[in-house]
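In the two assemblies presented below, chain A is common to both, partnered first by chain B and then by chain C.
Showing the complex of A and B:
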């Protein structure tokens, strides 16, 4: 039992924060739509990546369940030994830091593009970071409860945005299916899997579950819920925006701009902005918490809370200098980052499983590591 | 003090400063500093190579007065501005407007005929990039006028021309179906997609000579210029190719399956020169592309349901089954006539696939379309369109048999 974090979270809260992890920035830039040469098939890519992500999520959860009281930082050191294990921990932290930097910048860009073009982007980033820091310092329990409540709001807003522009939707826009062959699906599937690979965060959360044995079940639920929301988004975006779908910077936002019910219920795209802000806030809080706890565990610190604000203070300049422009960010997110994320996640999991196999071969009868 | 505490204090101060500096809303817009633009029109400016935009900006104070029924002045301000690009012209408007013009509430994008004929691709980018213009704006092309002239038109019952035009367009689209109602989102998709050419609403200027009849006038006020919104503007690429009149526009709407309602006039069976008005209740269409022996063809099925709305001569549908069936046949014939009128002008005059037949091939035969699209300009005018119209007349209103008013009186 770690002394760093005493909180316990329920399975549903676990599922909610994982869903948040997946929802941004994928619904922001919609890489499945924008990186595809033919956006009609984005929904297929979304489903395929979801199907692939389920066994991936199960593998991480199963691995963590072999050490139900240890985080991925701790058990990688048990499995691979102190040197290689710490290295894996560092890779995990680096990956998480990169993700945090991406989402801070992505949300800032979304604000600057969509509603407040003249305001300096730092404003949004700093405010987001402060909000998330407070959530992260309050501990996992608080931020998970926040995540559980927010998921309903965010899910509701996304569904409303996907359903209400029905006036503008034409389902024949989804045809022809797979006009450019299966190979055209590879970039969007990889882009989507890049976001799913952030589910490696399960490794940090399992030891704090009240009932760790539920981890696999709720991880799969998280894949299904987030997969459903993004697939619904893909279908609606393509049905309503047609061939122009992959020319919009923020497809979901442009989709919400089309909502007009009886000349009364319209101009509700600020709701989308709110949903993005909430989900990015929760995700950033979770990542800040995980990175702080990870660093504390890696370097044997007694408390993680003092790390949160400095980390955020580093992330903001990083987010500012890492990308030249929104185009740069989108290009990075849908290409390099996606590929790197998949490789890192798969390599870490594979390495840990191989290590586990070697250990049980060398020291039979010691499968329990409690 | 420990160094740790200093760091912490410094960080806190920094963050507090950040919060204070961003206090309030940076990009705030106070409502009394905004001029709401209600429509935006595009023309060539008098100077070579410049565009001219025309907007109507609402005057909130006189709008209130108009509500009270004491309008002495127009409820809007029409202003034009020029620039090398649309954005340039839009920003140049600041030189004339004491309030910041705001396009979020605009309802129309109006293109002047001359401007539309010379191509609009360059001008369109502003409308979907800048973000102030909603994709739900309607796209209208003014026939025989500049956009800046067309928007002079005022409408009775509405103080704002934009609301007046919107009302007319909605009425025509719902009750007559003789106009195409195209939002910017639809328009962009039609422009971008392969195998379909764009259409937009057609609008004309109507000049009314000042009336000499003083009856019932408290004040000598008449609207001299008004607008009439019917028909469609057909594009080829980004250039205006020509106009569809009311009949042709409804023909297009039959193919697109967008006919909501309308009146079809048919000759009453067995009665010469007497008309029956069939009210269209609803209609659907199916476009099935076919490729046989390398030759593309289209099978078009239209299903329409109508009711008898009016007959000019005695009608007793119970007298023989043939009467009802004959009216349905004539209704189908009338619909086919409208579709053929639209097909004819699109194929032979514009050579512009406004029906999206090419897009239907692209969906159904993506591989064959790859070869077809290169020679679509030659193929489209030769395209066989097999039209099948199925009509059902459901009801005959509150009357089953006509009353024999005239005959009875003659007998007396």
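Showing the complex of A and C:
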């Protein structure tokens, strides 16, 4: 089948966009912290979820490497046959659409709550969509080139926001460790894994890698980088905001407000805001691109670009009606969405591996699908 | 034999730095792997010369034939523009043509012809005999006149000189503090000779095209064979060939026919009046396009960072050059974003400023009837009008304009309550910052994009600024110039090219050509050229000093 997109991306760019996939919810809504009943242990949850995510990312990458020229939409049809395969493709698309809708609404809410409360939320959502559509239409190559630079900017601002409020931080806020037992770690771990399961996007990216064999390595790097940044964020947020950190709506933003260096270098929320917008824009662009390419491949269309704008136009009303408020959105993200995402991702990967096993049992000697 | 020995002796006496043209030396150009002697066959020699020079349009080969019967043939070779052709016809061609002795020569008498020339037939003081292919070709590229006689293994190379320095002026809008002070002029051949004088190698290939059905304008593409990507050269050739127009008067016209993104505000082709900038581009594997009738040469492909470099970055010491580079990059962003950031902050995000500053700004803004965004528009537009007027007016009126600018824009606008003085400061700073960009075409783009940015900031605050920035970033990342990503060493990040983007590392660290254009011949210098103080004397005297003493 024809590869709809001509561009090739480097391993580092692949890693950058994947990191962005995990980092975006952290820069917006810190559901690691907000979903935890005792936020002191969020950092432990972050490490655990990172450790669990590594084999998960490896499994997806290994699977995709068996078909280095095909996307997950295409090879699921090879493995599972046209009907079941298309169904898996549809589930993948549905999952990605839900994620896009979530991030559109999250960015809109964040702006409407924290920065410009009098401006209607639609403004931000539409502008974000326009931005991401433009990037998605420009293609994966452009998108990931920007992702590479954005990772630097976002990572830098993120670290600055985590380190500089040091005079407001009390490390004893992190005590006691595991006060409510191991079971209290389950909600934040699941919330975090919900985002890591978006790494199923690897299945769409591998065929566009210049060197597909590097996919596993860079996917692991992506987990490590995003895991490190998330853990650092967890520690700083809880140390600075105290044990009530889980009741803040936008913890990282509040964290940035605490920064004050020499009574001059303060109020760097603008930086956090820019990091939000950039990273969300890249992630949404990636998802818009993946969904349109996925639809085009599922229905044998020749081009994916015409799908981008209509898709975004559908996402905005969806994002408006899907949630009532920021609280509703956060609740959904950290509970229902996370559980559903983990189940979907695990089910899809398991199904594909089982299908692969059955195929190699039925048709031995045809393991190579190139 | 005697000559070889002599030449070896001469070589030893010439200091190393001047020897670079002689191929057998260290530091010679490895691409000219033409070893061996010149052929006795004239036709073979001619095709050798043509091939080595890529049949460049400024290569002149004059074939003379004289004597009885089939007679004896001779080639007179030189590069147009480097050698005075009037001198060649007077001093070389005429003596040969009018010597009665030559009338009865035939093919067997080549030795006699050679002796005759050596003995003083040609009235040039500096004439020498060479037999190596590479010696001969290098001499031609260096601006000497070559004479090859049919049937003779040796050729003559004479230094006609005659390269008169024309009155070239320093380019007005690409001023450097340190660096050559000459710019291109309107005559194409002079411009190519300026390049030939800087790159004295047969690898500098020049291809000629005629564009314009009526004007028949000469357009030439110049590149370094073996460094420039062949695909790129082919692409440039094709883009120029497909132009079908009645006349081309300036390279700006050409630019619009061959650029990659015709609707982008950003220039994807660099125009310059400076030969040193063109040479720098050629050595990085780029292509120059020269047009007759204009001093502006085009360089393709380009990246946006090239517009923020100035030739003196490479001539100044690296520490200072890097500081200037950083200032230039900063002012690029200042010129683009400062007014919009100011408008965004004072309209929507007062809380981001320190309290005392907020009070100061608010107090100034008290009596002003406009919102900040309109104020910014007003001041920016009036500044643009002033700037345009200053360009068009004769120089005599320059001071008048600046007085009007200072008084009316600065003082009176504030007094009349049309603008706050902070806004004046912002506009002035922005204006100065936009003049820092060394290449005009990019600074124009920046100036124009400022207006939509102010509008976005005035309507959506910082979100608008971030939105504008992102759209611009996406646009820039999607641009390509002749197939090369426009944001090249920044997006995609090329770590080996970071040495020459925001800072300029010392020359001995700039050891590779850019990833996207210089792949064919990546290394541009030997390793380990970092200078270091001499080793302590008591161990061993440095070898060069020892040699000097022995002489």
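Here, the second predicted complex is superposed on the first by the 366 of 370 C-alpha atoms of A that agree within 3 Å, B and C clash if a C-alpha of one lies under 4 Å from a C-alpha of the other, contacts with A are read in each partner's own complex, and residues count from 1 in each chain.
Here is the rule we go by: a contact is a pair of C-beta atoms (placed from the backbone, for glycine too) under 8 Å apart; a residue touches a chain by one contact, two chains touch by 3 or more.
Nothing here was measured: the structure is a model prediction, and the numbers come from that model.
> If we overlay the two complexes on their shared chain A, which of chain B and chain C does A:176 touch? Say first, second, both or neither.
first
> Applying the document's definition of touch, where does A:145 land relative to chain B and chain C: first, second, both, or neither?
second
> Applying the touch criterion given at the start, work out whether A:12 contacts chain B, chain C, both or neither, answering first, second, both or neither.
A:12 contacts chain C only, not chain B.
> Please indicate which partner A:114 is in contact with in the superposed arrangement: first for chain B, second for chain C, both, or neither.
A:114 sits against chain B, while chain C stays out of touch.
> Is A:135 in contact with chain B, with chain C, with both, or with neither (first, second, both, neither)?
In the superposed model, A:135 contacts chain C only, not chain B.
> In the superposed arrangement, which partner chain does A:313 touch: chain B (first), chain C (second), both, or neither?
A:313: touches chain B, not chain C.
> Touch check for A:281: first (chain B), second (chain C), both, or neither?
It touches chain C, and chain B stays clear.
> Could you tell me if A:353 is touching chain B, chain C, both of them or neither one (first, second, both, neither)?
Neither partner.
> Could you look at A:273 and tell me whether it touches chain B, chain C, both or neither (first, second, both, neither)?
second
> For chain A, what residues appear in both contact lists, the one with chain B and the one with chain C?
Shared contact residues on chain A (touching chain B in one complex, chain C in the other): 115-116, 119, 123, 127, 266-267.
> Flag every residue of chain C that touches chain A in the complex, lowest number first.
Chain C reaches chain A through residues 348-349, 351-354, 460-463, 466-467, 469-471, 473-475, 477-478, 485, 487, 490-493.
> For a test of understanding, state which residues of chain A touch chain C in their complex under the given definition.
10, 12-13, 111, 115-116, 119, 123-124, 127, 131, 134-135, 138-139, 142, 145-146, 148-149, 263-264, 266-267, 269-270, 273-274, 277-278, 281
> Please give the residue numbers of chain B that touch chain A in the complex, ascending.
Where chain B meets chain A, its residues are 4, 7-8, 11, 14-15, 18-19, 22, 25-27, 104, 131, 134-136, 183, 185-186, 188-189, 192-194, 362-364, 366.
> Inside the complex, what are the residues of chain A that reach chain B?
Checking each residue of chain A against chain B gives 113-120, 122-123, 126-127, 130, 168, 172-173, 175-176, 179, 240-244, 247, 254, 257-258, 260, 266-267, 306, 309-310, 313.
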